[in-house]
């Protein structure tokens, strides 16, 4: 149970009645208001993972790229006769 | 869509599937815990890319499926009260109770509304002081922080017409129950990435060590799941049993401390019955004393006593990964999404519904499913 | 109708009553047809179960169709119920290969409806009729007690002249046929949902309601051998393809990577947990024709504004008769089932 979508913070908003930060987040062109209660460090331009209207984490761009770099390296290192795995 | 499309890239998926094929030597049974992962696997037909040595088993990570039937009945009973507006996530509406689902209750006049966020329910309570607004708080640890904040907000504003029907469940006790079962044949786990975004993965280290099973915290897109499987298989082949993190772009070992703190302020662990499985100690959440007045079961003196289920429904065996839905005699005959015998046939994440809708070649009676 | 109407999916065991889900376009509605209407009215024309009926009168082939519009909300970005009432029926005629000519309109109005609302609906109908090149020639109005309607219900019936040289319908679909769609999916459903749920868009999503006859005519004028056409309304692409697969007794295989969905519609679906394959459209159709003519068909379609983004999405196959199978982006396969009840947003 964990449908969370990554979106980009477009604009910070005024705090909500409880003093928690809110932001407008863009999901491929759809904009929704999101609570930053759990990601107070998030800034415009950051991507956050949003679940039921709350940002749960700021997406780590560097980590996000690692798998693709690893796959590139794997492709380059591939031997023509892969009988054994490394 | 950034951070989504790349993780559905066919080339990346093919390379990972290839690496899996090269890594695997012996057969392995791996369970993915989260219903969202089940959904993604079936929707993308990912199993067709896996080497035959890997058997994927779908775990009880569908809070909709495991919400005890008596809580559904309580929700329906509460919703039927004329002064109540019951708010719920869409997932819960079709789940059958002993005699009705929330959707059926709505069709017969109950004020039931779908919301996307618990804050919507609080907004409603604020706008309608004349109504009792009850929010059906279902979900794993992923959703508990949002529900906790919503309740804290309602309490701070003095919205005494707001209440929560609490049905939260926790993942580690469920994994332990599965591992502790004598029939357990699961050798490795893909742990739910969004639950761990909140909770971190320290809790799983004890389980990995005690039961000697690799646990890989995994995301939801096909590339994530394939990478998670690769990491699990490499551990299994090497005889390791550690907790690893595939979903590094979102999960840190300690999780989200702010979210955990809010949950601890509002909720405490409680015993919980899992539909189809039975009682698992300290596997649920309930409101702490200072918030107890917002508990809907208490406020409406609704009973939540254990009820009988259809004897045909083998949901428990399916949820524990001991049987696959097509092995159930009632599957796709007496039990269908239109007339479900149990919860896993109704929820979009439920293994039975997923098999029914997405199917696999063999079940549909035609060949060439890969 | 699009977005989500909260409707009850499953008949309680043993009870025989109409449920809202019976109008949903999915399994339950088909069961209703099978159990009540077809047995009562059975005749060869009805058995074809296509969008409209084609009847022959003194050598002239006429297409005849009817549809009722019970949507909520009445107004949405890109139009109102009036647009749907005209375009929907006009398009059902186009799906028979018929040039739409005349419409009737029956209104059921709820007591207390604002006249201004009715005027706006009528104005939309006039504009849509002009755009579609049809005349509204007869109609009827009834009023029901307050509380017994959603403001306005409209039924439209339409007649048109068949210009397609051959019959167009599921019976003519053949294994190997190409499956095309006339443009991007899901706009109507998301537009309607945006009203109810306060979704905001960078550039607003508007309903795709539009008459599609010009696209069909383009196909016919290009001498494309059109086997079958089906407009994609309630239940989305998935429901339409399932209906054709079942009626034709063949399988349909579609490529996920080829299915056109605009980015914001995709984003809305991602955050709500909706599958674009099931989201409603109002100005889109699927076409089935010989694979060798697919390129010519696409060229013809893309010349008409309403189908400027037509693409091929799949193929009709022998295996898995009655089923629709999707080949996912990563090369896996899954069945695209008929909807049971309505798609609800999820958090799981």
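Order as written gives the chain letters A, B and C; numbering starts at 1 within each chain.
Rule of thumb we're sticking to: contacts are C-beta pairs under 8 Å (C-beta built on N, C-alpha and C of every residue); 3 or more make two chains touch, one makes a residue touch a chain.
Values in this document were obtained by computation on a predicted structure and should not be read as measured data.
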{"item": "Chain nearest the overall Cα centroid", "value": "B"}
{"item": "More contacts between chains, A-C or A-B", "value": "A-B"}
{"item": "Chain centre separation in whole Å, for chain C relative to chain A (CA means)", "value": "36"}
{"item": "Gap in Å, rounded to a whole number, between the CA centres of chain B and chain A", "value": "21"}
{"item": "Multi-partner residues of chain C (each touching 2 or more other chains)", "value": "263, 266-267, 270, 273, 346-348"}
{"item": "Of all residues in chain B, the ones touching two or more other chains", "value": "1, 4, 35-36, 62-64, 89, 91, 116, 139, 143, 349"}
{"item": "For chain A, residues contacting two or more additional chains", "value": "1-3, 5, 27-28, 51-52"}
{"item": "Touch list for chain A against partner chain B, complex", "value": "1-6, 8, 16-18, 20, 27-28, 35, 37-40, 47, 49, 51-54, 56-57, 59-61, 63-64, 66-68, 71, 74-75, 82, 85"}
{"item": "Residues of chain C that touch chain B when the two form their complex", "value": "4, 6-13, 19-20, 27-28, 197, 251, 257, 263, 266-267, 270, 272-273, 319-320, 323, 326-335, 337, 340-341, 344-348"}
{"item": "Chain C contact footprint on chain A (complex, rising order)", "value": "1-3, 5, 7, 26-32, 50-52"}
{"item": "Chain B residues touching chain A - in the complex, by the definition given at the top", "value": "1-4, 6, 12, 15-16, 19, 22-23, 34-36, 61-64, 89, 91, 116-120, 138-140, 142-143, 145-146, 149, 152-153, 156-157, 192-195, 197-198, 220, 223, 227, 248-252, 256, 258-259, 262, 349"}
{"item": "In the complex with chain C, residue positions of chain B that touch it", "value": "1, 4, 8-10, 13-14, 35-36, 39, 42-49, 62-64, 89-91, 93-94, 96, 99-101, 103-104, 106-107, 112, 114, 116, 139, 143, 222, 336-340, 347-349, 356-361, 364-370"}
